[in-house]
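Shared chain: chain A. Partners: chain B in the first complex, chain C in the second.
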Partner chain A sequence: MTQPERSASAAGEARVVALVSSGRHPVSGRAGRAREDARAVEMGLALAGASLHLAHAGDAEDAALPEYLGMFHGLEGAGGPGELSLLPMAAGDDAVPLLANWLEAYGANLVLTGQRAECGEGSGLLPYLLAERLGWAVATGVAAIEHYAGDRVTVLQALPQGQRRRLEVRLPCLLCVDGVAPMPRQSAFGPSRRGRVEAVANVTAEPDTLQAAWQWQPARARPKRLKVVKSTNARDRFKAAAAKSSASGGQVLTDLSPEEAAEKLIDYLRRERILTAPSGE
Partner chain B sequence: MLQTLLPILIFAALAVGAAGAVRRIRLWRQGRRTPMRWHRLVLMPKRYLNDLHHVVARDKAIAHTHVATAGGFVAAMALALVVHGFGWRNPILGGLLLAASLCMFIGALAVNRRRIDPPAKLSKGPWQRLSKSLLAYSVGMFLVSLPLVGVAPTVLGGGVLALILLALVAWGLAEMLIGMGWGGPMKHAFAGTFHLAFHRRPERFDDQHRDVAHDVHRGSRSTALFPLDLTAKTLGVEKPADFQWEQLLGFDACVQCGRCQNVCPAYAAGQPLNPKKLIQDMVVGMAGGSDARYAGSGYPGIEVGKHHGGPTDAIVPQLVEAQTLWACTTCRACVEECPMMIEHVDAIVDMRRFITLERGETPEKGAAAIDNLIATDNPGGLDNASRLDWAADLDIPRIQQRPEGVDVLLWLGDGAFDMRNQRTLRSLVKILRAAEVDFAVLGDEERDSGDVARRLGDEATFQRLAERNIATLSRYRFQRIVTADPHSFHVLGREYGAFGGDYVVKHHSTFIAELFDAGRLSVKAAEPGETVTYHDPCYLGRYNGEFAAPRQVLAALGVEVAEMERSGYRSRCCGGGGGAALSDVPGKARIPDMRMEDVRETGATTVAVACPQCTAMLEGVVEPRPQVKDLAELVAAALAEPAAAPTARNSTEAPEEVPA
Partner chain C sequence: MSVRRLDPHAERARRNRLHPRHLEFARPAWRWTSADGVTRINPHALGAIGPNGIKRIDRSGASVEAAAGGTQASAEPSRRQVTIDTPTAYVAVVPELPEGRLSDHDRDLLGLARQLAEARGGAETGVAVVAVTFQAEVAGLEEAGADRRIDLSSQVDADSYAPEARLAALAAVETALAPAHWIFADDFPGGGDLGRRLAARLALAGDAAARAARAATRVWQFADGQTLSRAGDRQDIQRDVARVLLALPECAEPVSDTRHAATLLDLDASAGDASAAPGVIDRGRVAVDPQQIPLAQAPFILSAGRGVSDWEGYHHAAKVLGASEGASRVAVDDGYMPRARQVGATGTFVSASCYVAVGISGAVQHLQGITKCQRVVAINSDPSCDMVKRADFAIIGDGDAVLAAVCSQLGQPQPQPESGDSRHEEVRHDAA
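So, the complex of A and B:
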């Protein structure tokens, strides 16, 4: 793994924070590190070493928290224990104002997190809402940080099929780490035991009124579109089966006005029956 | 002249040697202290003469050589102290001294013969010199003592010859006494004495061990790993001073005989591990310095002389590479062979514990297995509820439905997720039904025993699994646990005790042998002509002393076992234990391939196994090769169809032998 370059001036005043959430194991459903958040922590450790600070809004007893703190090993220098600021709140509370206030108070200028939570709402909207509230830049699908200096950071953004796009983002910013980012290091018991969880005092969480008004129903798996390959040739059938379902048949629309673009998107969503339109089809 | 110089020489050597010994004791005491139990010193002679000799005597020639040399030396030294040191020049004592020296001389001759073209397992350097020093001491002592019985008094009275004699004696004394204290080869006698007295596993020397079976095989008297205090400041061993002091003492007792090196499967496979070098590296670390003075075989693929250590310096990687530690299969072959009763596996696991628990650097696949164990209770990351999928048609009773209790709780182990092992389990169920055993399973409440996590050094995950399994087991009633997995057998039977879980655990081979004994199984006669050999799993044999039952079962089937050269307590590991299959350290050969070669040498067409891991490793050897069959499969195939067995279902019979 290549270490991101980092200019000396930035390293000193860097206030790098990783926001971590409680993950759910896909098979057992047990709480643990969330896959993308763990990669965000890994990226933060590679960038800021032991000075990386973790933050979590939720339950202090969550089993995932020590697992994140267990990643504070193998770091340059003294490598003291990991520290996590806990913003206590219940499951139905709104994390956005809590986190936004805390990040401002803490003086964070680079915030790393996964793209979406593995439990609860899991809408993936939190980074955007936070960025909106703080007035920060936000970049998603981050696969690597290439350069970090002064007031900007250069990142590689993951695109489908292994493509990468280089982005330069102004600080302060929020980076949402993609699943293709480097594997997180092992969480070790010793450092996890030494890591400190500090509950932030004087925060009052407010219930997420929007969420409370929602209507919940179990997700239904959407049937996959099959491309039936009629071929007597095993090689073709194999190729068809092994081929990645790429977004074929799409179109790239450029030079549209915002209104036209919105129109096109709404059309598409209607065709896919994602929006049921009052105006019919 | 001799009469004035000899006492000076002897007492000077004693004093200098003693000063070295004090320094040596300080080196050992750098380790973590435990309360001193001085009274244990009185145990030493019995432990030396009985237990240690028991191991040494596996090689008769060496045993005789050692008895002659060591016995001769101890007697000659004691007598020389009285006769020459304190000047009690009694002719009878003199005669005895001559006899002792002669005895030592004969032993020393044998040592020298072995040293002419020493086998590769032996260290050279100072050890080569020791053989000469033994001669010097015995010859010198013999000749200077001749005047005591009135022979050749005048010739030896003075002059050049006397000087030469004195030089010989001085050389001998320097090696034997000064070298003993200051870290020469004779150190082994001094360190060994204390090591035997303060051994960390006193059960190894306990002839009244509660389990009689272990007295037949002394090596399995004490094989459970020591629990780690998870609240300690640092976990595991980072630097030599983190070892318990008895362990440091034990390392120092090594005689560099290379018996461990000769039996180590990882060393034979060209993986970078050599138990003898590892112990010597621990000595280097304890005393400080580099391994450049080591005069034996190194770790395959790693140059000798490039590593260094100190008592408070990290061991990995300056002194020992992590690869060396991960190559070990924890097969205990080295411990079994070591005449100095050194505990290699404990040391390796202690160092692994630090790497895993503090540094988070478990080899990748091992770390993934641990993560899975934490999340799903099995190393494959599979849904624990699918543990019984293979038995969907067998209608196996669950213990949850039997609150009144059952006779046998069948412990499935993680083999339940493996298609190959599922065939073994199906066979075992068939046998239990044929013998009308009252049994049940835990189903999805069963978790991994924690074996792999523990050997990979993750004591935290092991203890968590152990506590949960013990809590589960405490909810149900059963007479005994039977399992087809020697690792579960060992962990449940011998390692859960430290966490409050005491059960009667039987390996399926033992249990099936008992069923045969009780006449509860009837089998068809074996087809003649087939040659079968049996591979002893480490965790069944060396760890738990069960060598007889599997052979009894095979005998009951009417098959004759063509034993491999390395079988029983000398069985060679399949390469799958201790997480080694996960760390998969590269070498020149694969351990299972070497084991299959052992099988082929017997001319066997079938190798009977008794462990899911051995099955997997040996079946991984490319065809053509002898077929690999678990004991349960062999028994199930030979079962005489019980006409009246109510539980034999059609569906369970047919698909058994069809490979998945």
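So, the complex of A and C:
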């Protein structure tokens, strides 16, 4: 990945923060880094180097925290150990006011995080609630940071089908990193031991009262949708059930010279808007 | 038990076909109840002569002659018209409208909105489903189940990404109608982004509304007045229906038996005074190298198989068309394409919007890999192969020649000296 450009003044005063959460391996269920959060940390390390600051609201004993701190290696210049601010709270507490107050007090300029947590509610609402509370801009689906200078950051947003869109976001802002961002570096043991976890004092978490009314249950497999033919006629229902799924009605062109065939093919692709119509050339 | 009484004279006349009064008593029915109370069926009296002169028995009751006569009964059952004159409450749906059309996901969202409206009393009490679109002309909202529609295309540019302007427009709708529920599609960066922004705006708006405004994300079922939404770490959350719902595909059955009015609602509120400086500015699409897109996501794939012999020409054609390269298993096994480019059950399952198969006959495993493609184009010399049957558009001919002609017609013919080298290289490759 190419290093994002940034001006020297911005790098000096840059207060880049990555919000990290504890993750679960999708198959084994083992605790560790969250995949999107790890990509956010990687993006922050590429942008700010060792001056990246991590923040986590939750349990100090979380097994994921050393893994994030272990990513502070291979950095240009004097890479110091990673630092993580811990906002102590229980699992059922509301993280939004804690993080909002801390971000404001810390003076963060650019906040990177994953789109959705892998544990707990996992709603992906937290960046939006933080941005609304702080009055910051928020952009989602960030695949890369192109340019970071002054009061603006230029990012690439991931769209469906592998497409990208360039966005200019006003600072301070929150960026939600997508799963197509560059792969995170491995977590190393030494840096994870050297990294510092500082519990923020004078923080009182309040329980999330909204969650109390919810019922949690193990995820059920979603039922497969059946193709139900609504007809009053048994004949139609039988026909629909017994029909072979063969795509018929396709247009077949035979006995064409290659030039004619190419013309037909280009016409078809232009009609379906796969190829752009000839404009200037 | 009542004794079954028969007229012996009539029975005799019915059995004896030579009896002068036989036709008078002959039973036209093919099913009757015998003297013992057993249901009897005469197969010879059953059915009708079909169009080919063969007797057909249709147990569904539909007569064969009617079907053969060309007046085929429409498979689509007639829909019941539902109109609401004065709505008392609203359920708002913001469909995604990819390519300006209602997608299957959008129909599911409108189906979910109908279920929520029914739960609140339905059309009798005046609960209307309103579709909020950022595009002017959207077809099919009537059948999809929208009673009203709101067109915000005058306030927001549909093509560019302006989440804050869209949010301001939705906030104006919120103050005008105060819908009971907002339903979005939970996918990034479309409805999932906009719905979360609206949920955050509503959650911080006031104390009373804030309590219920926490959005339910990844909703996949509505049952018994509660929604199920997928949480992290393999958990589901069952909760009361939230104010803002972000729903997954197949969250509900689409509307199939009613037709709705989809009348245009005019809102006076203008959202021009949103915010002077937007925080997020769209700088347009970025050109992406099609070969760098992961094959599973690529929108346009040019795939080659055994029928391709001019590989240089094929690579050139992919570059000219701007397509990602794919291959069948044979082409990969023969060493012409890397394994990562293989399409099919043993390779990558692709979801292209257009898939062009050159010289691929269409093995079952390959066809399994392209089931999610919207349009399939086949170029093959064999008109009877499975790929031609699957294709929406098929050209019977030599793939190499057609690709070369396509390149020259697009103004970028393949440079000639390459071809001799490539053939030489192929021979060496086979030997190795």
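Keep in mind that, in the parts below, the second predicted complex is superposed on the first by the 215 of 281 C-alpha atoms of A that agree within 3 Å, B and C clash if a C-alpha of one lies under 4 Å from a C-alpha of the other, contacts with A are read in each partner's own complex, and residues count from 1 in each chain.
The rule is simple: contacts are C-beta pairs under 8 Å (C-beta built on N, C-alpha and C of every residue); 3 or more make two chains touch, one makes a residue touch a chain.
Treat the numbers as computed from the prediction; the structure is a model and nothing was measured.
A.B. asks: In the superposed model, which partner reaches more residues of chain A, chain B or chain C?
C.D. replies: Answer, by number of touched residues of chain A: C.
A.B. asks: Identify the partner contact of A:71: answer first if only chain B is touched, second if only chain C is, both if each is, neither if none is.
C.D. replies: It touches chain B, and chain C stays clear.
A.B. asks: In the superposed arrangement, does A:173 touch chain B (first), chain C (second), both or neither?
C.D. replies: second
A.B. asks: According to the stated criteria, A:186 is in contact with first (chain B), second (chain C), both, or neither; which is it?
C.D. replies: Touch status of A:186: first partner only.
A.B. asks: Within their complex, state which residues of chain A touch chain C.
C.D. replies: Residues of chain A touching chain C: 24, 29, 115-125, 128-129, 131-133, 136-141, 154, 156-170, 173, 178, 210, 213-220, 222, 225, 229-236, 238, 240, 246-248, 250-256, 258-259, 261-266, 268-269, 272, 274-275, 281.
A.B. asks: Give every residue of chain A touching chain B within the complex, in rising order.
C.D. replies: Checking each residue of chain A against chain B gives 25, 27-28, 30, 32, 70-71, 73-74, 185-191, 193.
A.B. asks: Quick one: which bits of chain B touch chain A in the complex? Just the residue numbers, please.
C.D. replies: Listed in rising order, the residues are 230, 234-235, 356-362, 367, 370-371, 374-377, 381-384, 458, 460-461.
A.B. asks: For the complex, which residues does chain C have touching chain A?
C.D. replies: Residue positions touching the partner: 58-62, 73, 75, 77, 161, 187-189, 192-193, 196-197, 199-201, 203-204, 211, 214-218, 220-221, 228-240, 250, 253, 256-257, 277-286, 288, 292-294, 297-300, 321-322, 351, 353-354, 375-377, 379, 383, 388-398, 401-406, 408-411.
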